[in-house]
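Here come two complexes built around subunit A, the first alongside subunit B, the second alongside subunit C.
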Partner chain A sequence: MESSLLLQQIVNGIILGSVYSLIALGLTMIFGVMKISNFAHGDYSMVGAYVAVFLMAWLPGWLGWVGSILAAAAVVGVLGVVTERLVFRPLLTRWTDIDIIMVSIGLFILLENLAHLVFGATPRMLKDPFGGAVFDLGLFSTSQLRVFCLVFSCVAIAVLQLFLNRSRLGVAIRATSQNRFAAQLMGININTVYTLTFSLGAALAGVGGVLYGTLFAISPVMGAIPTQKAFVVTIMGGMGHMRGAILGGFILGVAETLGGNYLSMAYKNAIGFMILILVLLLRPSGLFGRRQ
Partner chain B sequence: MLNIDQITVSYGQAPALVDVSLRVEQGELVTLLGSNGAGKSTLLKTISGILRPRSGRIAFNGREIHNAPSHQIVQAGVVHVPEGRQVFTDLTVQENLRMGAFTRRDHQAVEHDLEFVLKLFPRLKERRHQLAGTMSGGEAQMVAIARGILSAPKLLMLDEPSLGLAPVVRADIFDAISQLHQQSGLTILLVEQNAKWALHVATRAYVLENGRVIMEGSGQDLINDENVQQAYLGY
Partner chain C sequence: MDARSWRAIAPWAGLAALVVLPLVLRDRYLVHLLVMAGIFVILSSSWNLLAGYTGQLNLGHAAFYGIGAYTSALLAIKLGISPWLGLVLGGLVAACFGLLLGVPALRLSGPYLAITTIGFAEILRLVAMNWVDLTRGSLGLYGIPPLTPIPLPGGKSLTFTSEVSAYYVILVLCLLSLACCRRLVNSDFGISARSLRDDEMAAASVGIDVNAYKLAIFMLSAFFAGLAGAFFAHYQRLVSPDTLSTAETFTILTMVMLGGLGTLTGPVVGAVVLTFLAEGLRFVEDWVKMDVRLIIYGLLLILTILFMRGGMVGLFDRFRRPAAQPGRE
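Now for the complex of A and B:
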């Protein structure tokens, strides 16, 4: 009984962690290439979640759910392009990192308030397209929706890795994050890479937002949580480090669920920060980052 | 082929190049000498569109390029192998080389060039799947030059390719550069601290001091010049 509860918690943690990984990958990618710490990142998840709210109202069932994920990627991808072009691009060469962080916090507040205006303050829930059906595997059970959540984030992570490792453009993104000057000398158009990276990073947060919305309530202020989790994961894994973000997401998800259960539910959100402090003390460049 | 006409380049208020004019003709190997801080790297960065001149013009094959973005300059065939190698440390050797060919669509020619550079630097062949960041200085320099060749240069600009290399490896790099110029007929603009060798292989040469061209002539002329001998050849 004890061990089955433990297993159950670990499974829940992995599912939650896969969503954290996805959102954090977007943040870490944008940081790696552009050195922007975007505190508005979680708002891309919020917008993605609202895309799902509206689309699922039109298109019920699993079709609406899959459609929501694709639509969230598209809508938030475009929002990413718009914010990169209008907000970040003009500042990138002239402003310091701290300035850009302040601006991103401003953007966060702006998007949150706009969402209040457009969507209203009432929290919403996504309907379970599987009608609450459950997979029961004896030792643990989990809703079908959560299983699909896990499958979707793992597929998205795998596709992203494939893109970054195998495609010409993907390798160019990695090259740019490693050496911007040399990338320019290769004839890589840095501005195109920036826009693409930002859009892709935002889209990941958007898709993550839909998945997040299947687990928690959706509201205009929800963006703060994904931002916070993504930063914890990104710093834990090493800023700009992909594998670090993937692993970090899962670690955080499992640690939170276990901690929430065995320590205290009230401390659930604090656990990430405790891990963060430990990592910063013991390995400041993150689990995967290079030691300076 | 390359015509630089009285360019002035500054970092903020501090001028780094003043009224610099320089030309490279098809098939030449032009050496650029100058002590530390003379402005050699600044000149190469301006040619490749990383820096913009305050005034003056740069033309390549008759087309003005001093306002063109760097990716267009690469596509036009002006390729810059930078000082300090600047390889992509977390990409493999092969990925580095493929990034050199980023703008190219002539896939067959790319494969051909890939074979060519692996013959030029056989050491890279066995290390194709090694991360470039784990290579020795000499090997990294080979990657940087090979990557430049993969960009299909019409003009290859090399910034201090022998910097910090042991004599044996340096000889390999020098051999490869001579071979590229003499056998492949590549046009080269070379910045090199080893003035003796660099003047010896040069068709023509320039001396840059404090951001100004103070001397130009054939490689042999400069080798015979007393000032050059004192300042760069250590006689």
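Now for the complex of A and C:
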């Protein structure tokens, strides 16, 4: 019985972790390429989740799900371009860390409260197209919705890796991330790369937001939590490291679920920060980053 | 009168105006707003001390405010310690936590420091929420005694329950902490601190003990926030875990950026303007039937950083001395 509960918790942790990975990948990509630490990142997830809320009320069952995810990626991708152009791009030539972080905090306050104005304060839940069906494997069971959530995050992460490793644009993004000036010398238009990266990173958060909405309630103030988690995961994996962010997400998801169950539910949200402080003290370049 | 004698008189005239202000206003609510503005003057000035003069971005400043408030409130409720002593103790305990956070923060900068300090405040907020035996959790501590009356010769005593009396206390606290900031910034110590903000390695190479400076200012910044928190506890007589929230920190930093980061007057201007703007916006909200206050905060913060670097103080300086602005024809 005990070991089955443990297994159950680990499965839940992996599912949660896959969502963290997806959102953190967006953050770490944007940081890697543009050196922007965006404290409004989780609000892209919030917007994505609301896109799903409205589309699912509109489209039936499966169609609603697939439609929501595509629409969330599109809407948040466009929002990403708009915010990058209006808010971050003007600072690109003369920024300091303080300016970038401050302007993103301004964006966070703005988006959160605009959402409050438009969507109202009532928390909402996403519909389950499987009608709450459970997937039972004997040792553990989980809802089909959660399995879908896990499978979808993993597919999205794999597609992203393929895009970054195999396509011309993906290679351009990685090159800019490694060395901006060398990339420019090779004829890469880094302004296009910046816009594309920001939009893609935001879209990842948006899609992550839809999946996050299957696990937690959706509200205008929900954005702060994914932002915090994404930063913890990103720093754990080494800022700008893709693989670190993927692994970090799973580690955080499992650590939180186990900690929440065996240590204290009330301090579940503190677990990530404890890990963060430990990582920063012991391995400041991240668990998977290169030692400096 | 010539400019020099004006400059000599101006501070005293300003002080006199501040002293008679609540007597002229004669409106309890307006005086209450002045008291709140005073609390935010201390909070934003102390945050600015760290961010504006050493370049360290602490996004957990509200934690120190909350620590000061809880410390003084608990000491008064549980141990019956005088709130006056509590003001100092609240500041000192906050400074100890400042040391605790400041040591790991020495190795961090930019986003690393920002998220660590958010985490620090978040963990403390969770403690305040969940240690129900001590803090009464999300209900908050209530029934906190006000500042104790001071006996005057002749059998009377000076009480501190009214808004006007609280105004004079916070005025004194503001003036003390601002004087302290001013002396610090203009001293050799302050010059060294600024040098490490602008170029840490260069500062270290001329023999400035970078870590000692950062720690000292971290603790001092925490002390003043704790002091403001302790005063707030005995003024509001209710402390809840919300005092430690990130939203509180974000209000403080909006004030500083709006007023002018890295200047002495900026945080003061920002705190007063934003406190009264918030109240003005409440009327607008009643009128348009929408919650627009925080949307405007967010817009203000973004627009200030994009178009008004140096904040209102910077704008004023540019207006007054356009030629002195480098890089401008």
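Keep this in mind: the second predicted complex is superposed on the first by the 292 of 292 C-alpha atoms of A that agree within 3 Å, B and C clash if a C-alpha of one lies under 4 Å from a C-alpha of the other, contacts with A are read in each partner's own complex, and residues count from 1 in each chain.
Just so we're on the same page, contacts are C-beta pairs under 8 Å (C-beta built on N, C-alpha and C of every residue); 3 or more make two chains touch, one makes a residue touch a chain.
Since we're looking at a predicted model, the values are computed, not measured.
By the touch criterion defined above, A:His116 reaches subunit C but does not reach subunit B. In the superposed model, A:Met239 lies in contact with subunit C only, and not with subunit B. In the superposed pair of complexes, A:Asn189 makes contact with subunit B only, with no contact to subunit C.
Of the two partner chains, subunit B is the only one touched by A:Ala172; subunit C is not.
Contact with neither subunit B nor subunit C is seen for A:Leu263 once the two complexes are overlaid on the shared chain. By the touch criterion defined above, A:Phe181 lies against subunit B but remains apart from subunit C after alignment on the C-alpha atoms of chain A.
In the superposed three-chain model, the partner touching more residues of subunit A is C, compared with the other of subunit B and subunit C. Looking at the shared chain after the overlay, A:Ala133 reaches neither subunit B nor subunit C. By the touch criterion stated above, A:Met125 is placed in contact with neither subunit B nor subunit C.
Under the contact criterion defined above, no residue of subunit A touches both subunit B in one complex and subunit C in the other. The touching residues of subunit A, counted against subunit C in their complex, run 31, 37, 39, 87, 90-91, 96-99, 101-103, 105-114, 116-117, 224, 228, 231-232, 235, 239, 266-267, 269-270, 272-274, 276-277, 280-281, 284. On the subunit A side of its complex with subunit B, the touching residues are 168, 171-172, 174-175, 178-179, 181-189. Residues of subunit B touching subunit A in their complex: 48-50, 69-71, 74-75, 79-82, 86-91, 95, 98-100, 102-103, 147, 151.
Within the complex formed with subunit A, the subunit C residues making contact are 51, 55, 57, 104, 107-112, 114-116, 118-120, 122-123, 126, 129-130, 246, 250, 253-254, 257, 261, 290-292, 294-295, 297-302, 305-306, 309.
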